[in-house]
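Below you'll find the structure I mean.
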Amino acid sequence: MFRNNYDNDSVTFSPQGRIFQVEYAAEAVKQGSVVVGIASKTHVVLVAIKRNAEELSSYQKKLFQIDEHVGIAIAGLTSDARVLSNFMKQQCLGHRLTYGRNMPVRSLVDMIGSKAQINTQHYGKRPYGVGLLVAGADENGPHLFEFQPSGMTEEMVAFAIGARSQMARTYLEKNLDAFADCGREELVRHGLKALKESLVQDKELTVENTSVAIVGVAKAKDGTTKMEPFKVFDGQDVNAWIGGAADDKEAAAAEGMDVDDA
Amino acid sequence: MFRNNYDNDSVTFSPQGRIFQVEYAAEAVKQGSVVVGIASKTHVVLVAIKRNAEELSSYQKKLFQIDEHVGIAIAGLTSDARVLSNFMKQQCLGHRLTYGRNMPVRSLVDMIGSKAQINTQHYGKRPYGVGLLVAGADENGPHLFEFQPSGMTEEMVAFAIGARSQMARTYLEKNLDAFADCGREELVRHGLKALKESLVQDKELTVENTSVAIVGVAKAKDGTTKMEPFKVFDGQDVNAWIGGAADDKEAAAAEGMDVDDA
Amino acid sequence: MFRNNYDNDSVTFSPQGRIFQVEYAAEAVKQGSVVVGIASKTHVVLVAIKRNAEELSSYQKKLFQIDEHVGIAIAGLTSDARVLSNFMKQQCLGHRLTYGRNMPVRSLVDMIGSKAQINTQHYGKRPYGVGLLVAGADENGPHLFEFQPSGMTEEMVAFAIGARSQMARTYLEKNLDAFADCGREELVRHGLKALKESLVQDKELTVENTSVAIVGVAKAKDGTTKMEPFKVFDGQDVNAWIGGAADDKEAAAAEGMDVDDA
Amino acid sequence: MFRNNYDNDSVTFSPQGRIFQVEYAAEAVKQGSVVVGIASKTHVVLVAIKRNAEELSSYQKKLFQIDEHVGIAIAGLTSDARVLSNFMKQQCLGHRLTYGRNMPVRSLVDMIGSKAQINTQHYGKRPYGVGLLVAGADENGPHLFEFQPSGMTEEMVAFAIGARSQMARTYLEKNLDAFADCGREELVRHGLKALKESLVQDKELTVENTSVAIVGVAKAKDGTTKMEPFKVFDGQDVNAWIGGAADDKEAAAAEGMDVDDA
Amino acid sequence: MFRNNYDNDSVTFSPQGRIFQVEYAAEAVKQGSVVVGIASKTHVVLVAIKRNAEELSSYQKKLFQIDEHVGIAIAGLTSDARVLSNFMKQQCLGHRLTYGRNMPVRSLVDMIGSKAQINTQHYGKRPYGVGLLVAGADENGPHLFEFQPSGMTEEMVAFAIGARSQMARTYLEKNLDAFADCGREELVRHGLKALKESLVQDKELTVENTSVAIVGVAKAKDGTTKMEPFKVFDGQDVNAWIGGAADDKEAAAAEGMDVDDA
Amino acid sequence: MFRNNYDNDSVTFSPQGRIFQVEYAAEAVKQGSVVVGIASKTHVVLVAIKRNAEELSSYQKKLFQIDEHVGIAIAGLTSDARVLSNFMKQQCLGHRLTYGRNMPVRSLVDMIGSKAQINTQHYGKRPYGVGLLVAGADENGPHLFEFQPSGMTEEMVAFAIGARSQMARTYLEKNLDAFADCGREELVRHGLKALKESLVQDKELTVENTSVAIVGVAKAKDGTTKMEPFKVFDGQDVNAWIGGAADDKEAAAAEGMDVDDA
Amino acid sequence: MFRNNYDNDSVTFSPQGRIFQVEYAAEAVKQGSVVVGIASKTHVVLVAIKRNAEELSSYQKKLFQIDEHVGIAIAGLTSDARVLSNFMKQQCLGHRLTYGRNMPVRSLVDMIGSKAQINTQHYGKRPYGVGLLVAGADENGPHLFEFQPSGMTEEMVAFAIGARSQMARTYLEKNLDAFADCGREELVRHGLKALKESLVQDKELTVENTSVAIVGVAKAKDGTTKMEPFKVFDGQDVNAWIGGAADDKEAAAAEGMDVDDA
């Protein structure tokens, strides 16, 4: 309960040039359940652990589709995430109405970064208490971005945010070189392994508590490019991955796409 | 009377990333009298205990109809509930005027969630000091949502909020698997049993202190679907349920609908 | 002079979820002189004790007509009451201009409730420091509502607010069952008896310090319904009631209406 | 220099439901020099003691004409009084332009009451630090109102505000019954006697330090009604009253009106 | 360095009904160099001591022409004076453009009084830290007004504000009766004598540190009235007055006006 | 680190009538490097020492041209100076566009004075932390003004502001009588001598650290008047003056003007 | 954790005339990784060390292109840099649309300086917590500017900002005279050497952690001038420079320009 000075609002620098309220907002991210994202040359996957705060709820969503080509994983304040999510949906919709094509992922990420920065520089607001992993695919290929409450956004090869996410990040760093050439299924399995690292002891991944989302740009057999739209998998849909025996090719076929990444 | 730091307003994070004012608002919900909601495949019921704060009042309402297809149960600050209730009525009305059909329950819930989140991120306002259970039925079937002062909204199978609601939640969790296939009358009886768990010792459910509300989508004998509009039952109308001997079929017939859920 | 924390403004919750400023505003109501209201099936009466703060004033009003069919009794800050009173007059006027009939009493009460709630949720304002009893008659019959600084409004059978009003409420609770079928004159006498309970020792009701107001919907002998408009009685007009020997029928006749409630 | 809590601004209630800043503003009224007002059936008089703060000033006004039919006596902050005075002048002017007749005195008083109440309920303003006695005559006869910083306004038979005004009020209460039938001149003399009661020892009323204002509705000999416009008397014009031997009829004649009140 | 309570801003009354910030602003006036004003039946003169804060400055103005018929002497914050001065110039100009004649001096003074009062009743501003003597001549003859930071304005026969101005006021009070019939030159000499009283020991009036301003309405020999416009005299122009031997008639003639006041 | 009271913002007077924040802003001026200005009957010169805060910067400007006929020397916060400088440029440009001639220097100075005063009387801003010497020439001849953070502006014969400027001012005061009739070159040399007085020991004026600016109105041989536009001299252009052997006539000729002031 | 006074916001001067919040913002710059800029007569180069805060990120950008002819290096808060960067891009775009040519570098720098100054003089904002080196080329040749959080901007020959940048600045000062005539490649090598000085022990420049940007105006063999647009080099593109054996002429040729600066 000790009161640190210079930490009352986000328009006050500490003598060391720090903005404590922004750092505290980052703590809110660490209290959300962990989410993991990994990008290969063709796909981005997001995997998340759904916290069973209330046994009575049908499900607690961690992964959200924003647009056909992009989605997010959230860690932190759910209500803040909804604000950003709605904002992103509007931006994507507006972009398509105006330009007739999907909004580039980087542009979208830049817009929420700028929006979030405002809350770190004006009195009477607070930073968003949520971190995001943004997974998308555009004409430049698949992208994975991290968004922080400070408004900072960075493109990542793989990343994890939320409670105990450091363990997941350690796994990701060890396997960093492998991701670029992973297939869709392999990526998911890497993600789930990373996710497992962050679980508290005796906890297991189950069809109830695990979510997976995939977006991709896959080269078809005839050489043309096909997008695999962002899709969230819950419940029995994640069973095969948790069981660990899915066949990449078959799974992809089930999505109606031929892949040659294996 | 100890002054916690970082808890003066809802635009200040604590060093642990918490927003105390939002948590304190949640305490206001806990001081309201308990309300219980349960959803089956065909119906959602809300049951509430009416606190007799003033013997002289005609009645103190806990359940409110928002629109033909949706209603709420409230726990917390009644005045704040009215603001949200009025807002919801306007949204439903506006939606029907614009689109010619009932507003989907999830959309409605999302709107109050977003509205409430604003009060947790702007200086000079306070979070709403009220929790809601939103019961509705739309083309996707019946829905039960919880709304919290933080702006968080979650779809639930069954839930209870308000004073001593934990006991009701324990009952609900134990019987969770039974609800999906319950008939209309059975749901009400489950709700009343859960409600009883939260009563202080020596207190009984009576026609004076008990409210019930029901909304449903029932399959008629000819195979078509009929909506049972949201309706609140007070006083003698709840006598049969409290007495415990109502016959599902008869009761439903009294509502002018044939049901095949028994 | 002890400074409670969390009680500086109405946008701060205490850790227990209370809004102290709203509770303090309720204390202002308790410092106003007592007013009593009772509703029967045909009438609502308001009775008030006029505090002789200044011997030199012509009179200090406690009962105010808002519209033909509705009036209020106030306890608390007179200046705040005027703001609400002016607001109510405008609403009633606007309603009649727009719809060609009297505003339903409940709608009117809802509007001041919503107006007052705003002052409990925005920084830089304070709650209204006044409580109201609203007495009115509309096509649904006579109504008595209580309005509190929190914005809460509740329909009551009978109620009293202001200094020492608990004694009056005790009287009202004891006689609660009798009110519904009371005649106009009997209601007034009940009100005055309740009022007397709240007087400090050695103080008596007099024509100088007592006000009475009546509004009603009375069934005439030919079976049609006639409204008795809201009217305030002061000075010699209250003499008969204080003396205690008024004859209901005569008094009603004096108002130009036949009543069959005796 | 002790700091009371809850007394920093006018939007904070104390735990007892008091608004200290409004009470402090009332203290500013008590520091102004005393003014007295008395109403009879035909006239209202205001008398005031002019404080000789600066020997070098031509005169320090205490009584001000607002409109032909109404004027004020002030006690407290002169600058605040000017704001209210200008506001009242505009209201009267606007009323006459719109309706072609003088503004009713009560309406005028209600408007400054409402204007002043705003400053007791919004942050960033302060209550007006001035009290007024408003004397006017309209078709309902002569009126005397008191205005307080809280925005409260009350019609009075006779009243005094300002420094040591309690002594004047005691005089007024003793003679309260006499005022209604007093003639114009007699009223002034009562006012001056009350004023004298509030003077500090050894101080006398003189033509330099005494102001008198009169407004009236006088019945003429032929039975018609004539208004005596609000007029302020200073210097030698008040000599006769201070001397004490003025003849009512002569004085009235000097004003060009026949009066039958003697 | 003791912190008085209730003195942080001008929207807070002390428990005694004082507004300390307004009183502190009056202290700023006392720190300006002294200015003196005297009015006769035909003229108003302003005399001022120019403080030689900086030897290098060409001159430091204390007297300013506002319009042909009016000017001011200032004591306090020069920058605040400029704001008021510019405001007055605009008002005078606007009045002449609208009405085709000079603005009455009292109207002008009322406007700055009202403008200044606003700063004593709204949060986020501060009172003007400057006092003014306003000297003007209109169809009602010559006028001298004092303006205070509180917004109070008062017409004076003679007055002095600024550092050590009490000594000058004592001189003025002693000679008060003489001023009304003084001629133009005699008035100036009285003003300079009063000014001398306020000088610190060993300091003398010189052509460098003395300013004189005169405005008047003089009766010409042929009986018509002529205005002597407001004019400031500095440097060698004040030599004759300081020397003490100026002849009224000659001086006036130099201004091109015949005067019969000697 | 002792906290003075009453010094938190510029809308609070101290009990002595001081505005500490304005005084503190004046301290910022004293931390800027020294600048000197001197006016003669025909020219104004500004000389400045350029602080070598960073060896790596090309140059640090102290003198700025505002318009053809006017320029400034700054001491204090460079960023604040830019705001004022841009404002002045816009004013000059706007004046010429509107009136077809150069803005009078005094008008320009009045405008920045008024602009700066606003920041001393409104909450939420701070005074400008910069002092200016404004040198200009208009149809009334050459002018030198000082501008202070308080908004005060004063015309000067010669002045110096910034660090250790008191020593320069002492030199200027000693030579004050000589300046009026100085020629252009002589003025510069006086300025440089004054500047030298303010240098810390062992520091010398060099072509790297010295700036000179000149603006003038010179009478040509044929009797007509020619303006010498404001021009800043840096680097080798100031060598002759620092060396001390410049010939007035030659230098002027180099500027293309004949001067007869030698 | 000691609380310095006067350092809560950027609208409060300390008694010494300092604005601590601006100084604290400058500390944020010192916590960014170091960037170096050097200008010759023909080129400006920026070199930066990319901090590997997260191993998993694809890259962390320090150098950004603003427009064809200008770019920036940043040190401090990345989110703040984005705001300024977006602003600069818009300005450049708007300038070209309006005037049909590139915005002069100094104008662009002035605009961000003015924009940043606002945040140091208005309550409720904070200074930008980022420093910039702006490198550009326009018709006046190549330019290097430093931008500070205070809004101060200065043209530099060479400079370094960020963590441990003092060591880099020392290198730059020692070699200051050499830069003007350096060729493009030589400039880069000087920049990298300066950068190395600021590295913590045992850390090396690598293709992963080093960024280089170049903009230039090069004279072609035929005597005409050609601009080398601002371009950022990362990864393998910087290998030659780090290896240290690049040939100026060849490298330039690779850019498609002939240079004669060797």
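Going in written order, the chains are labelled A, B, C, D, E, F and G, and every chain counts its residues from 1.
In this text, a contact is a pair of C-beta atoms (placed from the backbone, for glycine too) under 8 Å apart; a residue touches a chain by one contact, two chains touch by 3 or more.
Heads up on the chains, UniProt names are A, B, C, D, E, F, G = Proteasome subunit alpha type.
This one's a predicted model, so the numbers in the text were calculated from it and none came from an experiment.
Chains that touch both subunit B (Proteasome subunit alpha type) and subunit E (Proteasome subunit alpha type): there are none. Mean C-alpha position of subunit E (Proteasome subunit alpha type) lies 58 Å from that of subunit G (Proteasome subunit alpha type).
Remark: subunit A (Proteasome subunit alpha type) and subunit B (Proteasome subunit alpha type) have CA centroids separated by 32 Å (rounded to whole angstrom). Per-chain CA centroids place subunit C (Proteasome subunit alpha type) at a distance of 73 Å from subunit G (Proteasome subunit alpha type).
For subunit D (Proteasome subunit alpha type), residues that reach two or more other chains under the stated contact definition are 4, 123-124.
Taken as a graph of touching chains, this assembly is arranged as a ring, one closed cycle with exactly two partners per chain.
The sequence of chains round the contact ring, opened at subunit E (Proteasome subunit alpha type) and continued through subunit F (Proteasome subunit alpha type), runs E, F, G, A, B, C, D.
Within the complex formed with subunit C (Proteasome subunit alpha type), the subunit D (Proteasome subunit alpha type) residues making contact are 4-6, 10-19, 110, 113-114, 116-117, 120-124, 146, 150-152, 154-159, 169, 172-173, 176. Residues 1-4, 7-9, 20-21, 24-31, 54-60, 76-80, 82-83, 86, 119, 123-129 of subunit A (Proteasome subunit alpha type) are the ones that touch subunit B (Proteasome subunit alpha type) when the two sit in their complex.
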